[in-house]
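In what comes next, chain A is part of two complexes: it sits with chain B in the first one and with chain C in the second one.
Then we have the complex of A and B:
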């Protein structure tokens, strides 16, 4: 602490006015966003995801056939001008089904992500920050949920729900997927508990709740976003998984539902590749795009993974020597 | 003290799993019996129905009485009788399908771990070189492919179009399991497609985990020192850097091996591979609740045990773990 705090900035009159060219720096979140977009992997991820979101939003405009008109078309037509992705064995247009399925699957993914992320943040931050009895209980429940076998549990629960629709699937997936993420947030919130800026806020009269909301939570944004992205991924996959097994309503088309129909309709044996390629490839691409986005965020927010800066050689050697002394 | 605590926790968790298994069907609206009656449409023998009703505890006993009955049955090792395979015991079915699952999923887990870890080691060693930048995206893509969809594609192309591999089951029809070379060869032949689908999609996770651990070790002083001593790069990479980075992966590997018992629900279902996962999905489809409960219980107990065993082993390998817990 050799340098004393500087005297408050001199009155503007005595100081030459700041050159007009220097603009105010852009807000922090914009800078971060720009850095994420500069990461080519993340950029590709965002582009793919945006494409699917657009398809989901404009589904009614894109559909080439009436989605309600079930089974009115010639079955098992290969892709052609009239049927962009061919038709199913039940006489439905695959492209129309796929467009609407994109809507269902993405929206289920987002809903699951909202539920799971919210739960993990609330439980993780609260128990990590507060400690004590609440923490002990939450932590124990988390541990139990983590060691119970995930897929079999989800299957069990959802197969006991009679006529499980999309909503039921969303809740089952959302309520079972928060523990891992909550544990990570708890660990991080615990490290913040004794950090100076949190203590300062506490001494400044912040209530615990306000402290969590205003000091701890914003510092965990990258982790929260990371969880959200992974949970979308999980929601989409989980939905496909359950629907493929025939759990849940078969009326709204979704990617999993399409695959289930293709499987039941013996698409494989009839060589109808156009029936099961679009939904499966879509799941792959969306999950890939989400993985890429997460990877990009990680690359930006995790200093350990950052590429070494291209410094002049002399400086680099100096830095290396310094790092060596510190025992890095 | 640490061991006793862990053992107590293990027993507690097993109790939670059993209770959950008991409560789930009772918590859900309606009861499995009604669903079954509606579904069977009089096809099930009334005698069987009565036996099932007894088994589900569909009677007017209070819940706690049913719970005690259920526990006593379990203590006698009685998991009940399957509906689909009536009057075969659930434990018999599980006993028959476990070996298939353990071999298929176990072997692929070992292979995926070995291959993935090796790729991760080399990728971290040659970080940002050609190999690393090729392997990262490649396996990331492979990890995004939904396993069951990949399995469908493989089945379609290699099993159906080309006819190189059998399309279903774990051995040829009309064969009885025996320890002859012919039978073993046949079984291996049948497991190649499902095994390959599993392998391809799981290598990425191992690779990424190993690469991340390894990157941190590679920059350590002792690695630089080993290089400076003029050791062969391979020796430094394997016996110095990798050896110190592999422990977290090994822990994960032990847990993954335990999870192998849970089977691969969708892959086994697609290939009609008679393992635990296949039985579980069949139980779900045919609403065979006793079988479902029994399988869930077995999977849960095995996984809990593996987690417990890993904790104990970890404490033995790293003495700090035990003391930390004891002092906390």
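Then we have the complex of A and C:
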């Protein structure tokens, strides 16, 4: 009797003897990021996105033909060893076009996301945190921007820019897509304005600007990241949408331009599926991957979405039976 | 202590807020004509129930609220209507605040060291290794040993009591003369409340700090407070030395509060008429406690009772006690 409890006690007693060193925990955002990567949905999203990013980065190495050499190849060749994705009706190599289009579309997506996210964070956090007149003015502008119908506005602005290149498209999309996100950030910043830790920082004699940057903004990282991801997909989609309508320069290779050409070249009628499938599928896949990443972030940052602990089947049965007996 | 100028000197402070009602907006006065002095090294305990204006008053001392009228002098300077941010910063170098909720008063994404380091650097001018040492020293002063280890922790790794100690360390980092402690122990576990109060007491002696200790717990107010001020509906009901007020409460509201304090053994006679919240709207008349008071008289509903001295340093605002009226009280009270 007296021997039994002693055996398990001994290893426990030796534990405090271990040298205790001061550990510096990983910052919380790193821990969160690690958890996002462990989320299967987000992981799939990251893998798909990484694939496209790699294609975009190594475009010149992957391209099998000269992208500037237009109309020099036999038109409407189905996929073969020489033309991996076949050729277009205008005599271009689809694979080369697609590889360079990936580069254009992704970079436009990222640039739009940077502009829109930065604008939404600056305007949203500033107006929400400051309140008063600043907030009234910024909020009024935001509401006007929200009320204006998005697509017609973008089409209208774009059509005023003759032969709009990528940069023009980036600015048009970036400058029109911030209001919704800014409103969200304003609402969040407003809830932080009266939190005790912000008041305490204010009492510490720090400026509002420092408090926004150091106290409020780090707390909104998941929201900012979320906005950034959504804005990438919006940028890619918006670019494809504008190009498909034939707005802007048709000479830059992009997924939207490829679709536009396929449409104009009657690809569907001629059964040239290899012409429009690569850009169409790419848009779908990239937006899908970004959506999956967003879901992953959401699941990590929102504790209410976390799945309950999976219990062993026997235990679950037992609990169910017990609940049944209680008449629940 | 009586010879020196009080550090905080408030006279007839009135704070108004606009509230929206069904019939348009009206003004409420959560703090209505409150006067008090607190010297450095002295603790004034502010007692009252929810909505009595004690937190509003506390936040006014650090000028998170601006008084509507009256005057507020802190450290010999009039800060009643100070608006310039440089002057406010100067004020907040002297007066700091400890918040009620230790879970909301620390930024979840910043480590404890990140909370304290900018403050110490800004207000005490330490840099480099001296800064790290000072932060660790501060944490050890508030009882977080070893300070070096506490500094690398994040708020979610600490208990409520430890967080409140960090909040106190943060207030100390500025080297203040006065601390507004807004219910610093009410959200803590009962077993560690006394420790935090002892810590505040020790800091008072070590740094010659003055406190405005806001609480709704008369027992802790008596333990920690040198003087006590009972607030109801934004008005001072009774004020005096803590022992005198708790030992021989004169005002029916203080008696009611005391009888609700567990373990005190004080019971009062007379029924409580109702438990409605006091009317805070501007233009109210009479004593805010009249609708609940067992000693209520006609005069109570019309005339605001003045704060009258009943003893040395013990003032009460009650018609029934100070006998401002010819009417006799309805019920006799006898504190046991």
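For this structure, a couple of remarks:
In the analysis below, the second predicted complex is superposed on the first by the 285 of 328 C-alpha atoms of A that agree within 3 Å, B and C clash if a C-alpha of one lies under 4 Å from a C-alpha of the other, contacts with A are read in each partner's own complex, and residues count from 1 in each chain.
Heads up, the rule we're going with is that contacts are C-beta pairs under 8 Å (C-beta built on N, C-alpha and C of every residue); 3 or more make two chains touch, one makes a residue touch a chain.
Predicted model only: the values in this text are computed from it and were never measured.
Contacts of A:200 after superposition: chain C is touched, whereas chain B is not reached.
Touch criterion not met for A:63: it reaches neither chain B nor chain C. Of the two partner chains placed around the shared chain by superposition, chain C is the only one that A:218 touches, whereas chain B remains out of contact.
In the superposition on chain A, A:269 makes contact with chain B only, while chain C stays out of contact range.
Of the two partner chains placed around the shared chain by superposition, neither chain B nor chain C is touched by A:190. By the touch criterion defined above, A:241 lies against chain B but remains apart from chain C after alignment on the C-alpha atoms of chain A. Counting residues of chain A touched by each partner, chain B versus chain C, the larger count belongs to B.
By the touch criterion defined above, A:288 lies against chain B but remains apart from chain C after alignment on the C-alpha atoms of chain A. Here chain B touches chain A in the complex through residues 13, 16-17, 20, 24-25, 28-30, 32, 35, 128, 137, 140-141, 143-146, 148-149, 152-153, 155-156, 160-161, 212, 215-216, 219, 221, 259, 262, 265-266, 269-270, 280-281, 284-285, 287, 292-293, 295-296, 299-300, 303-304, 307, going by the rule given at the top. Chain contact summary for the complex, chain A toward chain C: residues 22-25, 28-29, 195-197, 199-207, 214-215, 218-219, 221.
For chain C in complex with chain A, the touching residues are 62, 64, 85, 89, 92-93, 96-97, 99-101, 104-110, 118-119, 122-123, 148-149, 152-154, 157, 167, 170, 173-174. Contacts from chain A toward chain B in the complex involve residues 41, 144, 147-149, 151-153, 155-157, 159-162, 237, 240-241, 244-247, 259, 262-263, 268-269, 271, 273, 276-277, 279-280, 283-285, 287-288, 291-292, 295, 304-305, 307, 324, 327-328.
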